[in-house]
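Below, chain A partners chain B and then partners chain C, in two separate complexes.
Right, the complex of A and B next:
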């Protein structure tokens, strides 16, 4: 009963916006730390404001004129375009006709966009995966908190954030996350595995799984996510998937094939185990996207996976 | 002029995309806050997706997903190529946004502000401090 009363009191305090003593002390120490920074800022703000009144005004007017002229030129150019939505527009030429009419037969995929991006244009998708991987490497380079990028003040701030978060408990978030996360992962896996049969594929399914990982890490903290997903697993898994993709599509350079033939038989279109290489490639892309999304999120929040 | 009016009424997807692009561009130029600048860049990206998708759209046709057992006819489906290009665009936009926001976070750690004007002033001060200590 007493325990319960304490909890309720805490809850009422939280509703009223009063904070516990610990967080007040933390707040004060943080304020002191920022006082020096603030002084410097006010000086900069003063100078920036003075700049604004003299130079900024002319700059803004020039910017608006440039943008309006730019839109005008674009509108004039685009007004020569054929009417939107007509089947005999020059965009709808023999290339798209071939993709649509021979797609099922040649790729074995019911979803013709999937067949296009992972069979006819598989190198394009490989480039996309590489771009994503490069982006997450760049983010890691800039934000990862290793021996070259350590700030004691920031470490303390992160620790304080963690303490405040643990004191709160975030019951609602944890409960809802426990209910929702299995379904998010299941849905993501479904979207990836059905990429050649229904709308979806590696990119959308990977993004869903990445969102599930982010939700888990927000609700239960990064220590719990580290039990199954560390920086090492991130590196190994995404590099392996990229290499699998690279070798499964790059071997035709050596065999000299004109059309990229599948090693795996195509099967019957419409079955889940069909369409040759598209299913494994979808899985690879999905894993890369999920790792990338979660990697970017965790580098931005905590500076480490 | 009549040509322009005809375009605005018939091709309203393209016209909307171009105006959206202009809004994003102006946002990129006029905002002082760096994060808002990158929001402007994302608006420009969205305008490009809208333009591409409207190019591939054919009135009355459906999404390119074939039915099992039926022959896929080009007269039934929309053009799939712009859809694939939009996918590329989305991926590149996500990557560029992540990279630029990481750079902004580094700038914030160094100078403690997101305003480009203030960052430039502080940068000048630091340079002067270095030249005559």
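Right, the complex of A and C next:
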């Protein structure tokens, strides 16, 4: 009815001489044209959508083909590589021979892996420790609370979490944690200190201690962890360990590269105080790994240490 | 004992040491000063090393530790490595002082310390990649390079920079994965990680014909990995977003240096491990040549389409990376020399351009789009001149650094008729395209805001550090452009010594 009314209105206007018949016809035809154009537009949109859809489809198919070809090539390559564990493999050459036969004598470490990563190829391990350091700094850069990533809702949630932990919530967790944590720390320290004597070393021991720290923080809340481990301690401890690594290995590289005598004693292989720099380096690496693990965990959960 | 032989080791350790110490420094300004002084010291040391190795025509090894080469790590330095270390320290220093204001403005004060930790570590990692003679060490430092580049992009902490970082991270990790695959397989068929010994083992394998297929795949994987990480044409998609959203100094260093450090590693691998003849026989050079040509044209076309100036520069980097890979793809010593020359020229020009564009965006009121940079050159004429010099160098106009590299690329392509024809045509086309996408922004920055009134508006306050950095960049660009023969000579000796 409304449309009708509109038409009649125009008709009356025409009778009253307010508009001419031409403009009415013009308007009508314009409306028709507009409708047509709209239809065409819709069609075009539809086709574009279809095209986009099919483009996506083609992309997917290409991705699958590339992946399949790649998998095929890699499988073929793997099948042509030397079989694992054969005695005449290229890997069993003079390099591993010297590591195995003279390792104990030259590095003073009974655990040959420690001898390899912390003495023969210590530069790589220095790089690896720096990778860990870089990773944790990267996480801090991204997630540490600052004015760009403070959210009132999140603050509220964190506060509630702490309150629940301070009240008698998660009783079982707290009880078990109290029992287990001392042993975890002790075991971690044992693995680190015996890194040159038995399987283990800085990386594995540090991971164990880091896990212990995380468990403590989960059970007793961040406030309690902060009594002995704050952001400041984290910074100082990891920087000190890396610097000790940097300087002691720097000394060893300097003397090695210039064919000077290394004054650090190797000790008797098998004793706890032996193998030259490997023990202190293991301790440093262990502390760095523990700090890194706990640091990343607490930046991700709480946004601060 | 020769103290000069210790320079590579000192340089790497100094940069890493500075990175570690910076965490204890609270103040961003102090952290920056420490970083700048470290770059100066490393720059001076690299210069001494360059003079020493160049006059003696020597490439020496430095034992990292008490164990000789197949058992311990090793560094190796010659004129080429020393020159690149010098280039890296100069560009790093100038980019940081040029982008100082923007770093202060765009990065939160409490996070500036972190930013400079990353700067120091990435510098150390790049130096280690240049100097190392050990494949696994190279991989470890590639990891540091990757993480630090992501940190440099996201330092601005805006939404777009985080998205760009994720894109960059995914592509970079894909590249790292390929490289790691190839290193692992190479180790399993040779049992060596030191480049010198690897070369020997590969020669033996080649003559016996054993493991031929895995060897081809290893080289292909390594090349693809490096190509992804350095943004060769089909893998370039991560660059524009990253450079657009990062702060100026980060963009300058990422595009000028970080991409190049990977390419240097590739060149080292081709010379010190696989030998260039073998690469040529496997026709990998042809593939690189083709992708390089595609990158040159498509990068420039994409740049032409772009409206945001920093994205335009990023696409221009894609084109320049295409030039470098084209040089490597020619597959002769001359081609590689031209590629290295282009690495140098592009590092200088692109770092200058990013620094200048950052400054122009800073002085003009509303930023980002080309037409909003209108009149920026009048607000800071040094920036305008810097933009001109940088774009001239990228286009390849004589007197500027970019000219020499294009000239040598053209000369190097004489090696085969097919390569020569395609190289000539594409270089010419790409240079015209380069000019075409640099003309609109150049006109924009020098023209008044409203055409009719001719009002240029007030001058911006002079920034001493920016003026110093841009003037130095311009001077170095001209110096390299005028004296390119010396640099070609150094590169030539460096490449010959790598054989």
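Note that the second predicted complex is superposed on the first by the 222 of 305 C-alpha atoms of A that agree within 3 Å, B and C clash if a C-alpha of one lies under 4 Å from a C-alpha of the other, contacts with A are read in each partner's own complex, and residues count from 1 in each chain.
Please note the rule applied: contacts are C-beta pairs under 8 Å (C-beta built on N, C-alpha and C of every residue); 3 or more make two chains touch, one makes a residue touch a chain.
Since the structure is predicted, the reported quantities are computational estimates derived from the model, not experimental observations.
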*Scan A:91 for contacts with chain B and chain C and give back first, second, both or neither.*
both
*asked:* Tell me the contact category for A:76 with respect to chain B and chain C: first, second, both or neither.
replied: both
*Look at A:101 in the shared chain and tell me whether it touches chain B only, chain C only, both, or neither; answer first, second, both or neither.*
first
*asked:* Quick check on the superposed pair: does A:203 touch chain B, chain C, both, or neither? Answer first, second, both or neither.
replied: first
_Partner chain(s) touched by A:228 [first = chain B, second = chain C, both, neither]_ = neither
*Examine A:242 and indicate which partner it touches, taking first as chain B and second as chain C; both and neither are also allowed.*
second
*Between chain B (first) and chain C (second), which does A:135 come into contact with in this model arrangement: first, second, both, or neither?*
both
*Using the superposition on A, tell me which residues of chain A are in contact with chain B and, in the other complex, with chain C.*
74, 76, 81, 89, 91-92, 95-96, 99, 121, 124, 127-128, 131, 134-135, 138, 142
*Contact residues on chain A for chain C in the complex?*
73-74, 76-77, 80-82, 89-96, 98-99, 106, 119-124, 126-128, 130-131, 133-135, 137-138, 140-142, 144, 146-149, 235-236, 238-239, 242-243, 246, 250, 252-260, 262
_For the complex, give me every residue of chain B touching chain A._
3-4, 6-7, 10-15, 18-19, 21-22, 25-26, 29-30, 54-59, 61, 63-69, 71-75, 77, 79-84, 87-88, 90-92, 94-96, 98-99, 101-103, 105-106, 109, 112-113, 115, 117-118, 120-122, 125
_Interfacial residue positions of chain A with respect to chain B in the complex_ = 37, 40-41, 44-45, 47-48, 51-52, 56, 60, 63-64, 66-68, 70-71, 74-76, 78-79, 81, 83-87, 89, 91-92, 95-97, 99-101, 103-104, 110-113, 116-117, 121, 124, 127-128, 131-132, 134-136, 138-139, 142-143, 151, 154, 198-199, 203, 269-270, 296, 299-300
*In their complex, what parts of chain C are in touch with chain A?*
1-2, 5-6, 9, 13, 16-17, 19-21, 23-24, 62-67, 70-73, 108, 110-111, 114-115, 117-118, 121, 124, 128, 134, 136-137, 140-141, 143-144, 147-148, 150-151, 154-155, 157, 162, 181, 185, 187-192, 201, 211, 213-214, 217
